[in-house]
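Sharing a structure with you now.
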Amino acid sequence: MIRLEQVDKRYPNGHLALSGVDLVIRRGEFVFIVGPSGSGKSSLVRLLYREELPTAGEVFVDQFHVTRMRRSQVPRLRRQLGVVFQDVKLLPQRTVWHNVAFAMEVVGASSRDIAKRVPQVLELVGLGRRRDSFPHQLSGGEQQRVGIARALVNNPVYLIADEPTGNLDPDTAQDIIQLFLEINRRGATVIMATHARDLVNQVKRRVLAIDHGRIVRDELKGAYHEA
Amino acid sequence: MIRLEQVDKRYPNGHLALSGVDLVIRRGEFVFIVGPSGSGKSSLVRLLYREELPTAGEVFVDQFHVTRMRRSQVPRLRRQLGVVFQDVKLLPQRTVWHNVAFAMEVVGASSRDIAKRVPQVLELVGLGRRRDSFPHQLSGGEQQRVGIARALVNNPVYLIADEPTGNLDPDTAQDIIQLFLEINRRGATVIMATHARDLVNQVKRRVLAIDHGRIVRDELKGAYHEA
Amino acid sequence: MRPKTLWYFGRETGYGLWRNGWMTLASVSTVAISLFVLAFFIVLSVNLNHIATTLESEVEIRVFIHQKIPRQTELNLLKQAKGWPIVRKISFFTKSQAAHQLQSEFPDQKALLQLINQSNPLFDGYDVYAHHPSQIGVIARRFRRLPIVQSVVYEGLVAKRINRVTEVVRAVGWGIEALLALATLSIISNTIRLAVFARRREIGVMKLVGATDWFIRWPFVLEGTVLGLVGAAAADVAVNYGYRWAIRAAVAAMPFWPVAPLHLVLQHTIGVTVIMGLVIGGIGSLVAVRRFLHV
Amino acid sequence: MRPKTLWYFGRETGYGLWRNGWMTLASVSTVAISLFVLAFFIVLSVNLNHIATTLESEVEIRVFIHQKIPRQTELNLLKQAKGWPIVRKISFFTKSQAAHQLQSEFPDQKALLQLINQSNPLFDGYDVYAHHPSQIGVIARRFRRLPIVQSVVYEGLVAKRINRVTEVVRAVGWGIEALLALATLSIISNTIRLAVFARRREIGVMKLVGATDWFIRWPFVLEGTVLGLVGAAAADVAVNYGYRWAIRAAVAAMPFWPVAPLHLVLQHTIGVTVIMGLVIGGIGSLVAVRRFLHV
């Protein structure tokens, strides 16, 4: 379970990105976070994997008290999560295969498991043939899918995806959303910040709308725009 | 006028990204380039501003014979073009203002012109208040809009935008496309590689569909998908 | 650490060095060059030390024997004194040898020479060499106590001066080495910092994917260590060949000049360069990576 | 270049240095340290030269005068010889002074001393100092031609050895400086390369936005130059204070030791460091940027 209590986030330059955010996301939910550009979606998501700490309020992710945990515990938190970053964040000097495998090496998976699992997820995102390419040799959408594969590879309890389909054509985006729905059915919690109106309207799951750092709407079977 | 003649692009690793592309884009046109992820949209666009050279065929942009020009002439070509890159490409250590102003300094604009023009374009993309932020202090969509502002600031003859709305919410994306239509009305040629199906279908302009490196459709008042 | 992890770190290290080829080259060559400069001056200072020691050993005492002492007694004392541990070398000279020496020192003092040739007023005696200038006094006293010894002469001032000079030379040598070691240290650690700096984003991504600090640190530290070690090895190879050449050149140009032997030199330089390379390479990376781990 | 462009480059340079603060610091300090080491050894070699010169000047000729020549004639020659341009210094000694010297050199040769005291067999004469060892022969020949001169003595061997040693010391000094200059050169250029490497993507973006090569290069080159200059200045300040201290320490510890004066030292070091810093900083950046300009 993810819980945010009265969370404020003010960046060092004084910009208030989130204010008074109260939020509970239960295990197994599928949540869209929507809102205009610069409304605070990424800021919210970054609190969950503790890239940023809130300036006020508390954040809990399962047993982790994110706002109070020791620095040395952070890797344990992050291993519970699979994160697709808005800016992808691939390791530029490693191949597609290695980028995905790295996430497994980090958790100490065996070489055999890695050799078995990595091709599977690459196949899932349609990059089975590109395993030996380097990130700079991929198209924007291909890079994004490597990021998705990396997030999925450890079968995370929480999948946190920040604008994962921004560089994907509608058909590929559709494939990806079906993939997310599938792993959600198998028990994973999915949190997806997105601008993809069609996808949000199509799958009819919980929608959390943010504007100017405040949660302005929270509907269980919502749409991208207010009904 | 932009003209591609029998263009092939094979990357050094052997991947064939474009093959047999013949294409003419006249002054004042508004062209969408669509196609699945990895189909070759960015590869095509990169030939125009000579980030890449084709492995076969010829590329012409106005008076420039792109495939034959001397290296020292390349800056002159690029100054005719305003480019929005798929991966944004901001200068990380300069403010929003400076990132946009840089494009004007490059062409030798006077300080007065710069001081007048930069705030204008920042206002156009809705970032009038963020001029002193650094790229890493911006949201994904805000960064993308800085990239758009930079492409527009010199009133380019050709505006080449590679997936310029991937990180923008539908409303902001709508604003941007209206902006592009406006500068197109004023005489600029706009070439936009995109996955934004709604936008393409809405404005009904020329659509160029690519698949596996080949132009598979070229309609003057087209839609994202084949009719 | 499990063998699997070890293997992972080893592979990562090699990988990092390989993928950053160009940067690796710049760093290794900087390390090698600074270590070579350091080694070069260790070589110099070993040689200065060697010269100082040689100079010191030139400090001698001249012992004169009463006239009319039988040659046998004189030679007995010679034999005996050779056994004294503080005596490094002792050689006997007769009064006619002393006269010859005087003649060669004042070749144009004809009257003096005439006098010497007529009735040599000089004495038999010994040239005694000490191991160390501080022992000269002891040796002199010991000889003075013997009845057959007429007088003991030693050049106190020169000995003191030489002593002083060698002390200073040694001190300066140490000072230079310390300075250079410091310089090398900061150059190497700056280099490694710049190299790590160029990869700071990579470190950030690794952390966000769930890597522990140590998981990230180890390959960097190993990389730094390998870098330092390769640099050290390059420097040592250069010193080895360079010094062989220098010895040959020195012997040809100045046969009288005392040159420290190769093994003595290498012993010092290899020790210092390898330790510096290893330790600074490793610790430098450790410190450099730390800056970027707080993500 | 228009003033606007100049202003732009100046601003860009300052901006680059400021925004890359941490990297600028690492680079400047590396440059400063390497230049300081270089300067340090220039100081050493200037001093070695100074000692060599001093040693050479110690080379003297001893001229003996026939007995029974009137003192006035001897003093006339003294006065005359003082005017010869190849004579650096000349001093007169009487035969009793010579006897004294002999006595102090052989204090225990009592019979010898007795003889000298009874009827001094020695000569009056001059100690003559040359400007340079090569002039000794000329001076000796000139004295020998004079009728009142009985003989001319000079220690050819010692002079030759000292000459040889100073030559070698000078050569070694040059060698060391060349080596260090090379080392400094590559360290600085590596450092700048690493710094530019960390900003290669920036360069690529600038090019894609339409900047000409020179438009990108200039700020980098200026940055490199400023970096080199600041490093050189830091090194020179350190040398200045360090050497003042060293002079004081040397004078206290070894009053007899010849120390090169500060201005002589600074003259050399400032020239070399500033030129190296400027040129390598600038050229290093130029070369480093070139790698990344082909976009």
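Each chain gets a letter, A, B, C and D, in the order it is written, and its residues are counted from 1.
The rule is short, and it goes like this: a residue touches a chain if its C-beta (ideal position, glycine included) is under 8 Å from a C-beta of that chain, and two chains touch if they have at least 3 such contacts.
Just so you know, these numbers come straight off a predicted model, no measurement behind them.
Colleague: Would you pick out the chains that touch subunit A and also touch subunit D?
Modeller: B, C
Colleague: Going by average Cα coordinates, which chain is farthest removed from subunit B?
Modeller: C
Colleague: How big is the gap, in whole Å, between where the Cα atoms of subunit B centre and where those of subunit D centre?
Modeller: Result: the chain centres lie 62 Å from each other.
Colleague: Compute the distance, rounded to whole Å, between the mean C-alpha positions of subunit C and subunit D.
Modeller: 23
Colleague: Please compute the C-alpha centroid of subunit B, do the same for subunit C, then give the distance between them in whole Å.
Modeller: Centres of subunit B and subunit C (C-alpha means) sit 67 Å apart.
Colleague: With chain centres defined as C-alpha means, what is the inter-centre distance between subunit A and subunit B in Å?
Modeller: 28
Colleague: Got the subunit A residues that touch at least 2 other chains?
Modeller: There are none in subunit A.
Colleague: Multi-chain contacts in subunit D: which residues touch at least two other chains?
Modeller: Counting only residues that touch two or more other chains, subunit D contributes none.
Colleague: Chain touch graph shape: choose line, ring, star, complete or other and state it.
Modeller: ring
Colleague: All pairs of touching chains, please: list them by chain label.
Modeller: Listed by label, chains in contact pair as A-B, A-C, B-D, C-D.
Colleague: Using the touch definition from the top, list the residues of subunit D that touch subunit C in their complex.
Modeller: Counting only subunit D, the residues touching subunit C are 22-23, 26-27, 29-30, 33-34, 36-37, 40, 64, 107-109, 111-112, 114-115, 121-123, 150-151, 153, 161, 164-165, 168, 176, 179-180, 183, 186-187, 190-191, 193-195, 197-198, 253-254, 256-257.
Colleague: Subunit A touches which residues of subunit C in the complex?
Modeller: It is residues 4-5, 8, 19-20, 201-202, 204-213, 215, 294-295 of subunit C that touch subunit A.
Colleague: Report the residues of subunit B in contact with subunit D in the complex, numbered from low to high.
Modeller: Per the stated touch rule, the residues are 49, 51, 71-72, 74-75, 78-79, 81, 83, 85, 89-94, 102-103, 105-108, 110-111, 150.
Colleague: How about subunit A: which of its residues touch subunit B in the complex?
Modeller: Residues of subunit A touching subunit B: 11, 13, 15, 34-38, 41-43, 86-87, 133, 137-142, 145, 162-163, 166-173, 195, 197-198, 224.
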